[in-house]
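Here the chain labels run A, B, C and D in written order, and each chain numbers its own residues starting at 1.
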């Protein structure tokens, strides 16, 4: 059976599983084990860090324009090999090809942004901060930085991190999810094919043992993390206590407010993709719809119920499916459990996906699209991040009530309002305590030239991921102040060296 | 005896020392106790936080231009009351009036920068991030933020923080040093006189009890700290573990490299102020001179010895003095101990300030300007931050050696090179592992429109203090993505509501 | 009778009218001549330029922070002397004190922006544009620059120009309107009181003779102009042909679209001030209301008619008046002529201000607030800029028709839409061919930290006035590329000069 | 014989020379006519403008990210077809392949910069410019813009213009030089292959007849020009008088100051390429060396004389040649005439290239590398832009004298100083009246993410070419100010439309 190894100093190692621990990789569409993934021990991670450290001096001295050109070629290779990448994603994650392509495209956008490194690294220069004194800032790379990424976007989330970090002059150790490691590793190889010097990007697969080396090794200067909130908190506290800078992105519970004046057909159409796309396994998935007013609520539920009928859950390799399985059997059971708990708590399961019929794949980890009405704020299913294809509807009487719900929730990642009203939209975007806000946009993921980040317990750190904040996160500011005293040297006929 | 109280919700409280603990405030020039300072208990700090929290909603909604105008008036009041402020500083800190005036001026520059809030808070706007979709970023205030500041700049360091934080829309709780609290409190009162609403800035004097409330209270969203490295580390770890953003600035050991081609008279002249000004109690004090080559070292020491002769240490209120006492008797003894340890370790005490003769002030906490030659990297006096009027000289053979010394040191706050050579300056500024670099500038404190911050163990956090990084630190990014679906409403003759 | 002279090299000259031509200055509220203004001949203007040229080298070398501090003091003096300034404006221009205060405030905002000069002048710095090569930009002042400003904002429009130009390091020759010269001159004197060195700002009163010197003298590097379109065109072509950079702002015809869903009471209320404030003598005056749909048009006209009843036209010194006279008798007759021509062309004069009754001031240049309905695009009154208190209503069936009207008009200065609809607002702001767009804001004058400028024949030049574009206009870009070859000098033990 | 036609609306027309005027295209290496180029008449240019105008609405609505992606593909195609392009350049211009490759590379860098369009087009957004009022700026494309480019960089200079203009959303009409039209046309075709919609870029070959249409047609909104100063002046005045924005880059006379402390071998080595590369037919060619001090002058001339010995002039297709012929026989004679006039005026022709021996190409337009010493400022050869492989040496006694020479010259394009001295470099870069300054960089052409532009009579306009200024030039600023009045609509239970 194939073993997915590590990529250290430009070489694949452990691919034969010749040593150490390993773990099964499943095909969630069939429920079968398809590969093994090597789990790095401390020494392996340390080697990866050493490779990154050794590659740093030459890479930080490579002009940003040349670093950017590696990214230009990388983009091209990603596009040329998109189909291969998406198939890898599908096999191990379960998402349908069109969805995988969307993920990849979002990743490529971050590569495109990294192509602008020379522009992005501009410092600020002032002549005459005092008489004859100039001052300017430079944004220098940190050295070795690490990324720890989740299963749900094996291509995109790593590309939120390493292209920009590397374009800024850092070297990188990536620990992707061990659940779907193949596409990530393949992408890293493409970057080498694009001309990246050995050791600048290293990939280690692993679990907590590997993570803890990255969090404590003094050679690692910064850690970017995306995952669940409890882990994010652990990562943040541990990395900081070890003298690193850290940004740790955690969980979410993203609400959409449906105003009475919303174009309901449009809202329903948008919600379908936002709630059920990628089986809801997105930190920006829209999992709660808050309907303002009785009429809006009734309309919304009726139209959603109707619109959900043709939705198809199934295997990744049939592009007619709308979404695929969830990542593991354990997770499947957890999602189903949340639906049942909502029901037990008094909510109405309008569309029930607990027992989907997926022909030919009896052991796949499937949950069908589920709609739950009359959810209340004190239900467990409302408080938790379900991370499955489940859309819950809460009904309120006013926009203020709807906003209060959102502002009271532990998380503050994304949110959205559906309305035609300019004033409602402005009020909402101003006062809502959420980092990423959509106006008639259900998945307001910022484009690559803005930055991604939630508020409250959805992000630990002060800088958001990728975009302008990413540049600041992956560089340290150096401020130079310069005066050249004259001493009457320049003014003389004999400018300098008497012979 | 006067008791320096707190300023909470626009009112001075505890000024009569009516309750709670208090502590002596000394006049270091005479060694006598001149005042008492109240030490806030938990409830007092909690009240200050409550006042700040209550003031936040209205202040965050006040347009930045109006917030800036309070700063315009504040600047004016600071200038009009400069003499009063400097006298307060002198009495409790010991620094001479010209030095206090320099400190105040640097503080005012941060107020001037904060006057630009409308410009500084600009977000980035993009039309058509997708078809008909716009996106932009807003930088919203955090809420209640806290500052904890050291004794050595009772006016300036607080003004690195609260003017910008407040101009960005936050409300503030400041815990200044309990050693010299009067000028800080007076300045805070001036800001109210300038029109600041009650509760927007609150000042609590105190010790660890007060600090710990600021670090753990969930209502405080961010903490800025300046002090020593061990405390900075504690502050950083604790604040982060409590879900706050934090920037913690610690200690320093700032080296100047004296190149053989330096204008030696200029270098010596610059070093005097940089090493002995404010008795060396500055985190940017130049405390180590690294001479490259035998000749440069001999010249440097000879010229320094000569130049130090007229230097006068004495009481704060005689403006002919060059510098004043250190802050406490304990600290005086510590500085003297470092000089003696260097001597014991084999260094040469060229100019000895251990027993300065300050007429009329036998009990003042004085240490005279001290020059120590032949210091080695393994001496305790080299490793520690002495924070006194002591300049140590290390001799090396090459610029590379000099740079290695600096890069190997625990701290990386400021550094400087004296040279005429463009190439040496560029090489130095590029490769030195220090955050603030001077070329022929011995105290390369960034101007207020750049940002202040060291590298290595001189700063914990990813954003530097004040300037552009300060704006980013005191705001949270919100990214809005907006689409207005047409639905053929606009296009119709009957644009909207049929009656 | 008082003669208003010039301010050259810090001295008032010609105040006694000792030589040369002069011209009457009227009090439009009474129709009487109140002063004389000196008209500069060529030699006088040349002297002003010479003073500015002489002052340039020292001023361009003054650090931006110090230049900014003159502006900080200037702001303070403007505020302290606001009443005096507004009285001067009122006497010569005719605007009521509250309106003059608004003008002054807008001028002060530009001074506040100029206080940020150190931030605004930041260049872009790149380390390693090639191996060991750095590059950065500096924005250096141009030298002597000139401003030519109109009668309608004798305080504000000059302050769009000289504070920023001067803060950027230029020296300035201002030729304000000869109709109301006193406040402008007084303001210039305040700037000197604030600490401006002699010669940095010079004011010459005059007419075409003075203007032509400024346009052709090779020592003048740039010209900013605000006035009517035919003159703007002449200024632009002449200045450019003489090798200067030039921005010339001309006329306007600003339309508001009233959508059927607009809050009509709010719209009417806003329109009153926008149409009649300052007697409509503003390049941003809202002079055409385009009502979409029969109902909206009928409501609009009815409500306007009602709301205009209490409007009072009268002398500048009665603060209960809503607006004052127009600037001259000739202009009064021109405005009345436009009303009559509209009537003759078939439009309906709903409220007629042609013969206002202003008690006690029979000879003042008054026109009352006038509302004309059923205006058509081919009427002369529609095509021309009336510059009086006349609001014309056009009725259309659709928003597209309304936008087409605006896009077809010669001018493209400001425009506005009244609606609640986010989609309509976005469509409007995207496709309308106008430089300054308001959404429910009838006078969308950009704040001082944005830039002012129309499109089409409302502005000649590529950079708008004040704000970021103003900084770019008043500076020239210098790009420095730097390499320091090593030549093994730094690397040696004997770094440099063997003795 | 091949006829080079036009590219209009995605189609090559007139390639057969079926109509209209045409002109010979020479191969300067042989002196023979190799092709014909069609010369567009007024109707043809008008058609090109019409095509561009028709393509504009869809292109301006194409999201910047999608426009940028065309540029990503364009870059790739340029790299893949580099050899073809360089051969075309060589055949018609005469430059050697390595030089053509350098030109092409510089052009590609501008395409890379244009790939950052989404980042570059960001406007500035402010929440709460007043209570509840927001304001932001958008940078919208102008419409149809035109470029008129010179023979000396048929690939690079057009790519200074159209990639950025098009990425900003404009459509373009390019009139390249009729002397070497093939590579330009081919590049335009590659851009179409990259996915550019028809009509967005149009190329018309032609002469003054074509130019005058571009300058006067009201549909053209802006003109970028690079050429000689007299033509630049004509272009600027004419375009401006026709209501267009214009930037017109003219001639140059670039001086290098050789300081006594310069690394002379390095300086000589750098000067060779800067003076003789591309036969000196560059507006950034270094044509005057100013030696400070007798010794520096003597050394410089001696070392240059020696270093010039191996320089080879010859045909474009032999890569061992250092540079090729000049563009025409007329120009060859002009260059030779300048050398002879210098000699006649008393200068010393140290190395004489007037009669180069180029084997096998007796009729090519060759001038050999020429060094002239003892040139004086009043000689015609000093005042004029020779645009040939001629380096003139002027000797002065002090750096001040050297700088005065430069500042007194009509042109102010580029300049350079060779020194090790930080102070001299800073003084030079601060006070020299030249737009592009090199410190030990003889050809200080700004990189693509800065902007290109000279001072004095080297550039007419206020914005430089390409880079940040290019973005500003190719866009018009629109400022939107927005308020959404509440009217208690949002606050109600019944948010909106009672049915």
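The criterion applied here is as follows: a residue touches a chain if its C-beta (ideal position, glycine included) is under 8 Å from a C-beta of that chain, and two chains touch if they have at least 3 such contacts.
If you're wondering where the values come from, they're calculated on a predicted model, not measured in any experiment.
Participant: Looking only at C-beta pairs in contact, point me to the busier pair out of A-C and A-B.
Facilitator: If we tally the C-beta pairs in contact for A-C and A-B, the bigger total goes to A-B.
Participant: Out of A-D, B-D or C-D, find the interface that copies B-C, where copy means more than half of the contact pairs are identical.
Facilitator: Most of the contact pairs in B-C are shared with A-D.
Participant: Need the CA-centroid distance for the pair chain A / chain C, whole Å please.
Facilitator: 48
Participant: With chain centres defined as C-alpha means, what is the inter-centre distance between chain A and chain B in Å?
Facilitator: Measuring from centre to centre gives 36 Å for this pair.
Participant: Which positions in chain A are in touch with at least two other chains?
Facilitator: 65, 118, 122, 124, 126-127, 129, 133, 137-138, 420-423, 425, 439, 447, 449, 482, 484-485, 487, 489, 497
Participant: Using the touch definition up top, name the residues of chain C that touch chain A in the complex.
Facilitator: For chain C paired with chain A, touching residues are 61, 63-65, 118, 121-131, 133, 136-138, 140, 419-423, 425, 439, 497.
Participant: Please name which positions on chain D make contact with chain A in the complex.
Facilitator: My answer: residues 65, 68-69, 72, 75-76, 109, 112-113, 115-116, 118-120, 122, 127, 132, 134, 259-261, 292-293, 295, 397-400, 421-427, 430, 447, 449, 482, 484-487, 489-497.
Participant: Contact residues on chain C for chain D in the complex?
Facilitator: Going through chain C, the ones touching chain D are 124, 126, 129, 133, 135, 137-138, 222, 236-237, 240-241, 243, 245, 263, 266, 420, 425, 429, 434-441, 444-447, 449-453, 455, 457, 460-464, 468-469, 472-473, 476-485, 487, 489.
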